[in-house]
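Each of the two complexes below includes chain A, the first together with chain B, the second together with chain C.
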Partner chain A sequence: MKIFKFFVTQIFLRKAILGIGMILLLCMANYITFTAARSILSTFQGYQETNYINQEGVYIANLDPDSPMDMGFISESGTQAVYDYLNSNFDYAFYTDGFIVSIPNPDGMEISLGYMNEGYYNLKQFELSQGTDLDFNYQFDREIPVLIGKGLSKTYPVGSTIKMEESVLGRPITLKVQGVLKQNAYRSNYYALNSKTYYNFSILVPVNEEFLNHAAIDLTLNGLMDVAILGTTKEETADLGKVINDNLGLEFNFLSQQDNYDYFKEYYLHALKMICIITFVLLIVITCLSIWNAFVSVRSMLKDFTINLLVGLSDSKLKQIFYGYFGILSFLNLTAVFIITAFNRYGCWLRKDATFATYGLFGLIGMDWLAFLLVAASDILMGVIVVESMLWKIKKIPISLGVLQ
Partner chain B sequence: MKKSLFRPTDILELSIAYIFCFFLNLLFDYGKTLDLDSYLLEAFLKNYMDYRTLIVLVFTSIAIVFHYQMLRRKKEEIFCRILVGATVFHITIRYIQDCLRILIPVYFLSVLANFYMNFNLASNFYLVLILITYILISARQVRKYENF
Partner chain C sequence: MTRIIDLRVKEKIYKSKKTRLSILNDFSLQVAAGEKIAIVGESGAGKSSLLNIIGLIDRNYHGEYALLGSLTNDLHASKLAQWRNQKIGFVLQESALINSLTIEDNIKLPFLYAEKKTFQPEDFESVISAIGLKPILKKKPLECSGGEKARAVFARGIIMKPQIILADEPTASLDMENRERIVSLLFKMNKEFNTTVITVTHDLEIANRHDRVIQLERSK
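And then the complex of A and B:
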């Protein structure tokens, strides 16, 4: 320990610029690894999560990007006709969110309302930390049972009621808390699997046929955009597409399980490959620069190293000192990445960004910790390459020559 | 470059360091023009595009490391030159001139690349100012080796 302290304070820190150079390069390597790891992990997490909807016989509706949207043509009677057809011919999973309401809560967050029908609820299988499952056979003019996120559970415990003056029904409604979702429950966007909406400050409202019949067109039309038709065939969805076209003038595509797999392969796998290649190339470049920096350090500190080797410092001890020093640099960098990530996560709380606010140590979630683990692994790999290169360089120079320098 | 502190390997190393900094800047300019149809890739690249100046600045640290280590290696040579009649002032001026002789062609090369790729010609000028600042700061180090 004494010799290590001597090397750090009397040799490495006396040429601090070289150490700072290495810290900055490591910082870039860590940032690149962290962002790549998080993008990849988040995408696979989204892919796994959406497996509940990506099943045989399930078709996901999607508005054709080339379809003209004439709001003048879209009417309540048109959407009603589509829903009548849906209700009488299909089982479907309905979900739509993004309806923001102001409900008092200690964190001052704007609350996002998500609406779902029984088909979606059964498919998604929400995990609850408190309370019981939702009941969809309610009278919407009385109390509506809802699920809430963890962030609201202290203010609105199970059994309490939330009064809303404005709603998609166009009149005040009363919500009754039936259950609390597990912390950091989320939903991935079907078309951007790496993007997630966290439910910590959300209220999930069950909708039934009667509710939909009385709901505003915003809700019904939005819900159609991502509606999933269950246990059906291509031909039946084609008929539904025709009904939608006739009543709303919109062209819809219905994506089967195979279409989704193909889309994933074509779109996501290609992007993931690109991310891996970019990350790999950048890491190689940074490793080369780090080796150059290490060689420069050896060149500048050669006299100190060789004198210590001459007076009895063993190669293995020198190796330990180098690994220890690199370990300190890596630790400093990991701490910096941790602080930046925590600040980023905590920033969502400061900005009152309810859809991204997460719970955990400084707001960090499992995906972040896993990415940290990968960063630590990449640091170890880089450390081995750089330290071994330094030792190789030192061993190549005869001690007498080093001392003379 | 008869009386220069620079050897061919030093010139090569510094040129590579400068080229790397300008190339990185060019790469960011290129990234900005990409029309990506992938949200995932776009979100990933945004992590870098948002901090492009900071990232380029971090990588310019290799130029700092170069100046620092080169002058440290040359301290005996500087001392010997002073012994045989050179002055610190002239060594410093020559050092600055040599650095600029490497920096200016690299800058013009990058301007040419920007011109060829239809990018903003002034987008890398800030790098010249930063690198000149490094040269001027490192030139002060020459004076430190006056008394070996």
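And then the complex of A and C:
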């Protein structure tokens, strides 16, 4: 240890510019690898998570980008007519969220309300850490059973009630906590699979026909945008599209989740592939630059290495010192990436951003740690290449008395 | 007298992309304990290569080398490093100091690699006093004169009380006074501690003050 300390303090750090060069190169390599790895992992998670909706006969509504949007034409009666048609002819999964309410909680978060019907609830299969499944046949004017995120579970344990003024019904309502969602439960976007909404500070409200009949138009209209029609055919959804068009003046497409995946493949997967290729190329370039930096270091420190070898340093010890030094640089960089990531995660808490606040050690979640593991693996690979190149260079010169003349 | 070095080199080859140079062909050297040997010869004859082999730095040659009665060819690299630390002292040109360290730390460098706690302050003090380095111990090499640096390199070479001193052109860039001082110190070590001294030099006057002079010739 004292030999390693001597080398770091008296030799390596005396050529600070070379150490800084290596730190910067490693930092670039680590950050690029981390970002790419996390994007890929998040996309993979999105694929896995949205599989619940990727079923034969399930079509998801999607507002055509070229659809006219005349808000004056959209009325409550028109929306009601669409829902009447839906209720008479289809089973459907209704889900919409992003309705913000203020209820007391220790973290001071703005709480996001999500609304879903039984069709969606059965498809999505929420995992609970406490409580029991939702009952959709509740008495509308009494307590409404809800699921809440982990962040609210201490303040509102299972069985407790939450009273609030709710904009969708436009009157005070009482919610009863039926269950608590698992920590970091999330929902992925059907189209951008690496985009997620976390439920840690959400309340999921079950909606039934009666609820929808009394709900404001912003809920019913928003719900239509992502409604999934179950056990149907393309032709039947075309009829529904016509009904929507007649009543609301909007053009809707109905796509299966496989169509959404195909859309993702066409527009996002290409970008993801490019990220992978660019990351790989950049890693090769950075590794080459690191080797060059290491060779310059060897050149500039060769006299010091030689003197140490003459007075008792062994080749194997020198190898250990190089690996140890690279390990420290790598650790410092990993720590830097870790701090940046933790700060980003923690930033969601500071901004009271309920849909992105996550739980975990320093706010980091599974895919962050997995991405760190990949960064550590790439650092090990890079370390082996750089250190072995240095040792090869030293043997090639080689160390001898001639170096000191 | 005890034979301390028994070296038989068939050849030492230096290869580059286009050339292949063979030196020290069928060279043998036997050295007794306490002997003073000078190695002379023109540049490229293999003087430094020979010191690299004797000093256990280079094992990439054809031949056999017994040091202090043990065959070194099969010894583990860490054992060789240990022997370089304890049994061999290198006295090199005055530039062979680490510039970021003080003269004191340069001299104490071998202690860093010593297995046991071999550093004895009184031994260090006596060496420093004998060589006259006390006033410059806290200085960095770049703040010292050539003679001071040469003496510091010498002090580092003998601080572990080695059985063999390998001196590679130790006086090459020194003035007459400092040159004489270093040679005297070398011979003093030889006389007082029976240390074997092998000196590579271009200076025939210094060479002739050794017990034996070995002339190396360049390969044809």
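In the analysis below, the second predicted complex is superposed on the first by the 391 of 405 C-alpha atoms of A that agree within 3 Å, B and C clash if a C-alpha of one lies under 4 Å from a C-alpha of the other, contacts with A are read in each partner's own complex, and residues count from 1 in each chain.
By definition in this document, a contact is a pair of C-beta atoms (placed from the backbone, for glycine too) under 8 Å apart; a residue touches a chain by one contact, two chains touch by 3 or more.
Just so we're clear, the structure is a prediction, and the values are computed from it rather than from any experiment.
Asks: Once chain A of both complexes is superposed, is A:Met225 in touch with chain B (first), chain C (second), both, or neither?
Replies: neither
Asks: Touching A:Cys288, do we find chain B (first), chain C (second), both, or neither?
Replies: Touch partners of A:Cys288: none, neither chain B nor chain C.
Asks: After superposition on the shared chain, which partner residues are touched by A:Ala271: those of chain B (first), chain C (second), both, or neither?
Replies: first
Asks: Using the superposition on chain A described above, determine whether A:Ala36 touches chain B (first), chain C (second), both, or neither.
Replies: Once the two structures are laid over each other on A, A:Ala36 reaches chain B alone.
Asks: With both complexes superposed on chain A, which partner does A:Lys303 reach: first (chain B), second (chain C), both or neither?
Replies: second
Asks: For the three-chain arrangement built by superposition, which of chain B and chain C touches the greater number of chain A residues?
Replies: Higher number of touched chain A residues: B.
Asks: Which holds for A:Leu381: it touches chain B only (first), chain C only (second), both, or neither?
Replies: A:Leu381: touches no partner chain.
Asks: Quick one: is A:Ile339 in contact with chain B, with chain C, with both, or with neither? Answer first, second, both or neither.
Replies: neither
Asks: Should A:Ala238 be classified as contacting the first partner (chain B), the second (chain C), both, or neither?
Replies: Neither partner.
Asks: Mind sorting out which residues of chain A both chain B and chain C touch, each in its own complex?
Replies: On chain A, the chain B and chain C contacts do not overlap at all.
Asks: Touching chain A in the complex: which residues of chain B?
Replies: 38-41, 43-44, 47-48, 55, 58-59, 61-62, 64-66, 68-69, 72-73
Asks: In the complex of these two chains, what residues of chain A are touching chain C?
Replies: Checking each residue of chain A against chain C gives 2-3, 6, 10-11, 14, 303-304, 307-317, 398-402, 404-405.
Asks: Given the complex with chain A, which residues does chain C contribute to the contact?
Replies: Touching chain A: residues 48-49, 51-52, 55, 57-58, 77-78, 80-82, 84-86, 90, 92-93, 95-98, 100-101, 105, 109-110, 112-114, 156, 168-169 of chain C.
Asks: Quick check: in the complex, which residue numbers of chain A touch chain B?
Replies: Residue list for chain A touching chain B: 15, 17-18, 20-21, 24-25, 27-28, 31, 35-36, 39, 43, 191-195, 267-268, 270-272, 274-275, 278, 289, 292-293, 296, 299-300.
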